[in-house]
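Quick heads-up: structures coming right below.
Look for chain A in each of the two complexes below; its partner is chain B in the first and chain C in the second.
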Partner chain A sequence: MTSIIETERLTRRYGRTEAVRELTLAVPEGSIFAFVGPNGAGKTTTIKTLMNILEPSSGRASVLGVDSRKLGPDQLRQVGYVSENQELPAWMTLAQLTAYLAPLYPTWDAAFAEQLRRQLDLPPDRKLRDFSRGMRMKAALLASLAYRPRLLVLDEPFAGLDALIRYEVITGILELSEQASWSVFISSHDIHEVERLADWVGIINEGRLHLAEPVPSLLGRFRQAEVSFPEGAALPARLPADWLNTETAGHMLRFVDAGASGTADDEARIRAALPGASNVALTPMTLEAIFVTLARRFRQPAPVGDGQ
Partner chain B sequence: MLPFSLVFKPGASVHEQVVFAVKKACVAGQLLPGDPFPSVRALSQELRINPNTAHKVVATLVNEGLLEVRPGIGTSIARAPAATRAQRRALLQEETERLVVEARKLSLDLQEVIDAVHERWRKLDGGR
Partner chain C sequence: MRLSLHVAAKDLRAHSLLVGAWCAALVTDLVLSTGWAHMFVVTWPMAYDLKRLAVSLLAALLGAFVAVAAIHTDPSVSTTAFWLTRPIGRGTLLAAKLLVVALAAVVPALEQLVAAAMVGAVATDAWRILVEALFFQALIVLPLAAIAAITADAGRYALSVVAALAALPVVQTIVSYTVAGRIFPGRPVTGLFTAAGLVATTSLVVLGHQLLTRKTRRSAALAVVSAILVLVAFNSFTPAGRQLRLPAREDRGSVLPTDTRPEIQARVGAGGLSRVPAGVDRARVLVDFEVTGLPSDTVAYPLAVRASWSFPGGPSVESKEIGFASSWWTEAVTSQPLFEDAIGRLLGTSMLGSRPKSLAAGAGFELAPLDENRGRSATLALDVELLLVRLREAGRLPLQPGREIWAGAHHLVALRARSDWPGVRIGHLRPSLILRGGMWHDAASGLALVVLHKSLGEAAVAFGGLEEFSFGGGLSHVRHRTLSLGYPAQVNAEWLSGAEVVAVTVEPEETIRRVVRIEGVRFENVRQLDGRGL
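Up next, the complex of A and B:
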């Protein structure tokens, strides 16, 4: 499996602040990779370093097999990039913008651009300054899809957009799937929108990458557990380290089992750790619920002796 | 529009959920032998799922003999055998398990569940 994006101990400092710390990541070609983390986690800094807008302070990154510091027109013509606050020339109409961009990209596909324009419901002849926030996002997406990039990089594409526009944006992204080679790297602080779309997910917090793995494997590792106890049973003083967000309510212990296998072993393991348990219920979690669990965990200091 | 309906449930794999929805539509007669089946792209766009997942769904259904690929024409529901009684029962099992689990969570007893099923059954008959 080749990687369309690779970073090795990528670090970026602003003064003394480390926005990205030793980030090592591989995005497989052909994947839709969701890069999620709370606001301020280092997502935009990572992306700007990948796009050669920022230089790494240390470590390295490569995009389409080329060191990010050496990215030039040859690579950038194969990369569609929409930044968080994408600026568009306000005095142009969409038709003027596409006419201006088309000659810059050998692979520009005018028929595809027109198809996207209709799908995204954008007027060709109004000035971009009169576009709403959502329309601007769609126009920026159109401008980076129309040359059929091998890699699409979107920084927070859904932030502040209403449901219909989010829907249209995803439809636009999926238009690329007809191509032989295409990969998407989407950053978001809200995993919900990319839940079924992504096949890989990476979670970043405070500049550090906490995990990067295929979605099915992540979904398999987490289970919401509810264990009930008979009257008077005592809980062990120490619970396993991979039980997150433990809460007790009445005769019930609730936690997230982060070491699940998705098989019957999970229940057996829990019963072994809690010999008094009368009932054990394990339910699969959504990607969003897993992300919230981890984000809450990031906010709390790790308990002493946790081994982390 | 897709010729089968599906509301995603949290947790279970998207691939399994789509395959199950298609099988259910076949068994229930919503999809008939020879009916055209949506392309990978249509599946991905309509359900807003990863195209690789959509591709895997079609591959699974072809493998299990539910879909036929006719080069140049597209994919359609297989003309081959209609679902046997055993197949139907296998499909029902998953739904039954869900019902039983939910009922036990609510501490209903078996008779209450059976009564509820009876009532629902009669209602559907009356609606025809």
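Up next, the complex of A and C:
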């Protein structure tokens, strides 16, 4: 499987602050990769480095097989980029924006642009400065889709959007994904926003990538575990490292098992680690629940370890 | 190139209001520059001049702001700019921005050309007008565009321009008293064009570097270093900052009659030695020159003097600064008794040129070595370069409103004559400023204007009546000028009714260079002006 985005020990510093630390990542071509992490985790810096807006301090990154430092017009014709931080030419109307962009892209599809405009319900003759935040984001999306990019990079595209517009944008991307063979790299601080979209997930915190794997694998690997003990039984001094967020309540131990396989072996493994366990219940988790678990873990002093 | 044009067109559309205001200013300037405005001038001359100046400056600045705004439309400093993730190469963007910068320089030049054509400028002057206007507009646009390239928005831009304007005099002062003389000690004057060329070149380098690399700190450092280099060069090549020197003219023989033997005598002048300015350990020796052996219609003007003060057995102190007493030598020309004397001879009136007929020049030295050799007899050697200019009467303009004459490439219109201030007012349509005379030998000449009462044989010096030889007004080749009448004639209404304006062309012919030695100069011999004992 080829990678449309690759980074190797990518580091980006602002003065003494390391915004991205030795990030190694591979985004498979054709995937919709959700790049998730709390605010300030390093998502935007990573994306700006990938897009050659910022230069890496060390390490390397490549996009479409080209070193990010050398990313030029040939590559950017195949990349769509939408960011909450991007400044659109506010003095233009949507029609002027598309007229300006069309000559820049040999693959610009005017009919498709018009179809998108109708689908996203955008007025063509109103200046972008008069658009609401959600409309501007949809306009940016239109301006990044109309040439059918090979890679679509979305940096916090849903920030500040109301539920309806978020739904429309997600639906639009999903519909297009069914039609187009493209890759999507989407960052968000809220995994719930991208849960419907993603088939791969990467989680970043404080500039470090903590995991990056396919969604089915991730969903299979994490289980909410509840274990009962007989009265008077003692817990082992050391619990396995992939048991996260352990809590005890009375005769009950609750934790997230990050090393599950989704088979009966999981229960046997837990019983082996807790010889006195009387009852073991394992429940599948949602992507959002996994993210919350990991986010809570990030706040604790000890790191979760390399989950890759 | 197609994409660059596409981006440049987008930039102009983005700032259509600014572009519109610029075009309006240019059209207004064009209207005011032509003869159409004469009627207005007669009724309201002062307001006209102010408006004319304001509109010219406005047109120039608005053009520069169009370029600045175009650069800020796609800022290279930003990390959120729209263009960064679009398939616009950095070279393409640079070309697009340079197109707008070029437009901001070329359009006003074309406007000047059209204005000149409308007032009857001859075709041979067209290229001079074009190049001159381009030159001045580029000097305004390029540095402002370079600063725009390294700032993200209008607010930061304004701060940077203010900071630059505040810092330049400080750096200029430091450079002029420290670095410049040491890097290029005793270099002759080579012209303001050197510094101006450096301004343009370094501005382009900063602009290009920033747009091609987006390394703003390096570009800003480059801008600072460039500014210092420009000032060093400016101070080194043009010590007085504003002197010109004729290029070599081996291609032409001397225009002086073969029996002419110009000679120069010099003496330490009445001004003596002074420290300039207070607090700086520099001394300036003022030397009076007399030039003899010139034809009656030829006047010598000082260009440069390099001096050394040699004590027997050493040391020899080279001048740190060179230049003549009046650094802006057109001022020297205006008040130059020699010049008046020559005009008086030319016009057959003895009322001009009654004052002393010497030139004064200054040479700057470090004070300390002179102070250490106080009282010792020394030789002051002066390497003097003079420009010889020839005067010719080009035409006479009767002082009746509406009368007009052509004097070479100059169109003069009589507008108003009053014995009290503002004196005689004329419309003077001049097709070119810098690209003539001192710079190109075949160019049009400077023009002196004298008010002459022929029947009485009296003349009144017309202050403001002499055209600048070089970098004058800058943005305007068309002027309405007031000639304030001074000595020696007693001017009144009756006198004016019989007077006329005589246009005298002032053509630079060639330079001569002589070394003059003044023996027996002692430090005590000279007067010290600031009160410190010497």
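In this text, the second predicted complex is superposed on the first by the 296 of 308 C-alpha atoms of A that agree within 3 Å, B and C clash if a C-alpha of one lies under 4 Å from a C-alpha of the other, contacts with A are read in each partner's own complex, and residues count from 1 in each chain.
Operating definition for what follows: a residue touches a chain if its C-beta (ideal position, glycine included) is under 8 Å from a C-beta of that chain, and two chains touch if they have at least 3 such contacts.
None of the values given here were measured: they were computed from a predicted structure.
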{"item": "First, second, both or neither for A:Ala26, with chain B first and chain C second", "value": "neither"}
{"item": "Touched partner set for A:Asn85, first chain B, second chain C, both or neither", "value": "second"}
{"item": "Chain B versus chain C as contact partner of A:Leu239, first or second or both or neither", "value": "neither"}
{"item": "Which superposed partner A:Arg196 touches (first chain B, second chain C, both, neither)", "value": "first"}
{"item": "First, second, both or neither for A:Val66, with chain B first and chain C second", "value": "neither"}
{"item": "Touching both chain C and chain B, counted on chain A across the two superposed complexes", "value": "none"}
{"item": "Touch list for chain C against partner chain A, complex", "value": "2-3, 6, 10, 13-14, 73, 78-82, 84-89, 92"}
{"item": "Complex contacts: residues of chain A adjacent to chain B", "value": "30-32, 167, 170-171, 174, 177-178, 196-199, 216, 219, 281, 283-286, 289"}
{"item": "Touching residues (chain side chain B, partner chain A) in the complex", "value": "8, 10-14, 41, 44-45, 47-53, 105"}
{"item": "Partner chain C, residues of chain A touching it in the complex", "value": "48, 51-54, 72-74, 76-77, 79, 81, 83, 85-89, 91-92, 96, 100-101, 103-105"}
